[in-house]
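The structure that follows is given in the form of structure tokens.
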Amino acid sequence: MNQKELFRLIGLAMIASMLLMACQPAAVMPTATSAAAAEKVVVEWWFDISNKEDMAAYQKGVDAFNHSQDRIELKIVPGQTDESFITAINGNKAPDLYLTWDGSEPLGTWAENGLLRSFDEYIKADNYDMTAFHPRGVAMGQYDGKTYGMPWQLDLMMFFWNKQQFKEAGLDPDTPPTTLEEVYDLAPKLTQMNASGKITRLGFLPATGPARVMAWLSLWGPSLYDPATKKITADDPKMIAAMAELQKSWNLYGDPAKIDEFTATLGNSLSPDDPFLKGQISMMIDGDWRTGYEARYTQNKFGTDFGVAPIPVPASLKDRYGSSYYFGMLFVMPHNSPHPAETWEAIKFLQKYDTDVTIIRDMWNLPVNKKALSDKTLRDNMPGWYVAADTLLNNQDKQFGLPVTPVTSQLSAAIKANLDLVKHNQMTPEEAAKAINETVQAELEAIGK
Amino acid sequence: MKLRLSRRGHETLMGILFLTPWILGFLTFQLFPIVQSFYISFTNFSLVRAPRWIGFFNYAQLLKDTNFWLAIKNTLYMTIVGTPIQLLFAFVCALLLNQKLKGQSFFRTIYILPSIMPSIAAALLWLWIFNPQVGLVNTLLGYIGIDGPTWFLDPIWSKPSLIIMLCWMSGSITIIYLAGLQGVPVELYEAAEIEGANWLQKIIYITVPMVSPVTLFNLITGLIYSFQMFTEPYMVSASVGVSGSGVPELGSPQGSMLFYSIYLFQNMFAFNRIGKAAAMAWILFILILIVTLITLRTSRRWTHYEIR
Amino acid sequence: MVLKGLTDKATIRVSSPVLLRRFFRALLGYGAIGVIGLFFFIPWFWLVSSSLKTADRMFDLPPQWIPNPAQWSNYVTAVTTLPFFLYLKNSLVICSLVVIGRLISCSLVAYSFSQIRWPGRDQVFILVLATMMLPFQVTMIPLYVTFSRLNLIDTIVPLVLPAFFGNAFFIFLLRQFFLTIPHELTEAAMLDGATHFDIFTRIILPLSKPALATVALFSFLWTFTEYLGPLIYLIHEQNWTLTLGLRGYLGQHTAMWSSLLAASVLFTLPIIILFFFMQKTFIEGIATTGLR
């Protein structure tokens, strides 16, 4: 056949296949029941998840809410990120509700710029008990004396160690190090290298990635922002000390580049290939959710093979043991949310103790509801999880989070960028502090204009 | 009544008539956003609240912003170093694919296969290929006794790694070159052969000048694209950042991959500094305009259009 | 010495040195193509081979080249975990419409810039080029607001409509191409009383098949892989394109790498098919015209 006929054939084939696909069932995933939806108020909850498993977990909470009353129907709209959220608000196509993954960063900016509606009137009207929630979680959602974000789930950074490898090295597997000096001492004993000097097993993984770096800072608990003078204070002596120690830890094995080489394999932590579970790292700082990996991928060998404890602190700061970096999700309402009152009802339900418990069972995060943090069924059925829960409950004053300011995103970015240079010996802590102060202060002044 | 227009008037009318789709599109989709973004660059517009005029503040702030200069430096590197390399590589590939050999359809498909992959897959793929310990490249280098660098994780090697990845994905440039090569008259080559020219001389004295308009097109579009490059570095950073933190570390390692478009995106969506982002956009526009005009000006010397 | 020439079908009487030279030239040709071809092919091969691996062998060191066992079911899992074909259909519909829109609008506009002489033509052309130079982020939000006022959010209209109004890159491409069509042809037609529209449809378009095919292929490709546009305009899942849908393989604490890789391979199939069949058209097009 000649070209013309060939093209015609392809064209027909494409049209035919498109028609075939159009006839296929519309969705493989379950959609919310609509039934007599004409009467109900539909509350759209935008959320950045697209994975079926994750959605199923959150859907349980949604279904429970929808079954508990007839007036409102809550519906998750997946795949919505901060970008699509902001764009929609600007275009007057705002959703009712949005759950942001890391609330502490954008909240100040969004609140300052009038993007969000505050929850205060509803809290007051219902006499809603905010003390039921962990104070740090609550603080995350507050800006300028008002509540713009309702906390939901938190994460806390913890210390993990491989018990088997401790045993092999002649150490007590059930006693983790409690000071950094101990960690530095143990690391070389647990590190293994191959014939060409490449690290095959890392004794201790220094802080890589933003959450771990923040966790490192939390051990000193620096103050990064002074609300009285409205100045960024990255040159706080605690911050300088933290950065200096960070640099020291990155030089533990010689050239910091060696650690980069090794962490190139860390991208597979969301799979059975996770390097820690495979025994490639003996000690590391990571999020509380890691206890869920162990459950998912090692059939609950947690407790026997792996341990979790608060992060070791510098010996000079022994009383800071139990401190860590917290961050988490926040419910926010756009200023032009279509159904604020109904949305409030949905939020209240989702923040309830039982809803929390149901969802945490699948997601392995930490609830912000204090009662759920002490829930017995969660503790008994989720190995290792209770350690993180306890740390959060018992050390409220020591927990460190980003200050809520209109420039927290810039602050976080500046910290990441400059500390990256400090880690690799490209900058001194003092220079980094100065750079962070300058960059972020300029942003703060621009906003004040 | 028939309207009698002069020949020139008629031509103008037809010219504008054929131009109508673009005119309508420009007025509806482009003019207003463009003008508005220019205005916003002089305000402190952040999101919802009405913008307030602050004059040149955004521009002044940018000039003092170390990240701004870092972004410009990185972007210029990719443009000045990366674009010619990609063009040269694509040209060589087009030459190879233009030979009269059997199985060219097969080879051509292979050569452009990479350019049709979704960027997230390409980024994951190359992160793996460039993996310092187990990646293909360092493994091969190891066979010949070289200790390879950490590629995407090394601030010195991250941009070259990106250039290599972009060359791999340069299939679209190759295609355009290939189409252009079809237009070189065979008689010229035959005449050259009679005069005893070898293959290299033929390429330099016949092929290159004859496809120079294509080169100009590829150069200009390549420069414009390179200045605005966003997707590939974003995908690489996003994939590197999947280490439990889930957040793309824009610009890593150590700021070496902070490109202009990425910093603009960060200012707009992460920091919500729309006014500042608009100022950045207009600075970039001026920069691209200047570079394009310079390229066009100097191109008169080396482009050769068919004399008609 | 009588030997079969490597490229000719008939036997030719040639002298040995010439034959040897031809042989080496072909060898070099294949060699060069082959070596660079490996550069293009190996990563691709790695992708396909990884998409067939079981989850635990995926990140082995040293990497496994031929997966054993080859888990073809990865592909089945990939297309059943998400409404893969629904997303594919959405992507294809949008791409096809964009291709049609671009072909029509860009060729019309390019004709104006190349075949008609009117005052101010070249200055307006520079303006068209200039629109390519403004970063997309900056016009993104005002444009969104416009579409939102027209209540067109969560439809494909914002993604498809602009294609019917021209695109600077393709206008540029087609203009360059049209400029190479000899004036004698168009002038002769005009003398015969043809209108511009006649010339456009009967002379220019048929002679521009390679360029038009290029426009079609690239439009399809770039629209198919677009992410940011669909992200902000397509809200509910049933409207998602494949680029949005691929995120469904990555969860908060899980990542279905094999499915993601398998889906990525499937993702490229429509374009490969399109390209393979279109090759002849835009490469071995016409001998007299080229992108000059």
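By letter and in written order, the chains are A, B and C; residue numbering begins at 1 in each of them.
Keep this in mind: contacts are C-beta pairs under 8 Å (C-beta built on N, C-alpha and C of every residue); 3 or more make two chains touch, one makes a residue touch a chain.
The structure displayed is predicted, hence computed values, not measured ones.
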Centrality ranking, top chain (CA atoms only): B
Chain pair with more C-beta contacts, A-C versus B-C: B-C
Rounded Å distance, chain A centre to chain B centre (Cα mean): 35
Chain B and chain C, separation of their C-alpha mean positions in angstrom: 15
Between chain A and chain C, centroid-to-centroid distance (C-alpha), Å: 38
Multi-partner residues of chain C (each touching 2 or more other chains): 59, 141, 250, 252, 255
Sequence positions of chain A contacting 2 or more other chains: 83, 90, 265, 270
Contacts with two or more other chains, residues of chain B listed in rising order: 133-134, 242, 246
Contact set on chain A toward chain B in their complex: 82-83, 86, 89-90, 101-102, 105-106, 109-110, 112-115, 198, 208-212, 257, 260-267, 269-270, 286-287, 290, 335, 407, 409-410, 413, 416-417, 420-421, 424, 426, 435, 438-439, 442-443, 446-447, 449
List of chain C residues in touch with chain B within their complex: 7, 26, 29-30, 32-33, 36-37, 39-44, 46-47, 59-63, 104-105, 108-109, 111-113, 116-119, 121, 124, 128-139, 141-143, 146, 162, 164-166, 169, 171-173, 176, 179-180, 182-183, 196, 200, 210-211, 214, 217-218, 221, 225, 227, 243, 246, 250, 252, 255, 260-261, 264, 267-268, 271-272, 275-276, 279, 282-292
Chain C-touching residues of chain B, taken from the complex the two chains share: 11-12, 14-22, 24-26, 28-30, 32-34, 36-37, 92-93, 96-97, 99-101, 105, 107-121, 124-126, 128-129, 133-134, 136, 139, 168, 172, 175-176, 178-184, 186, 210-211, 213-214, 217, 220-221, 224, 227-228, 231, 242, 246, 261, 264-265, 268, 274, 277-278, 280-282, 284-285, 288-289, 292, 305-306, 308
Complex interface listing, chain B residues touching chain A: 44, 46-49, 52, 54, 57-58, 61, 64-67, 127, 131-134, 150, 153-155, 239-247, 249-255, 266, 269-273, 276
Complex contact set, residues of chain C against chain A: 55-56, 58-59, 80-83, 85-86, 88-89, 92-93, 96, 140-141, 144-145, 147-149, 153, 228, 231-232, 235-238, 240, 244-245, 247-255, 257, 273, 277, 280-281
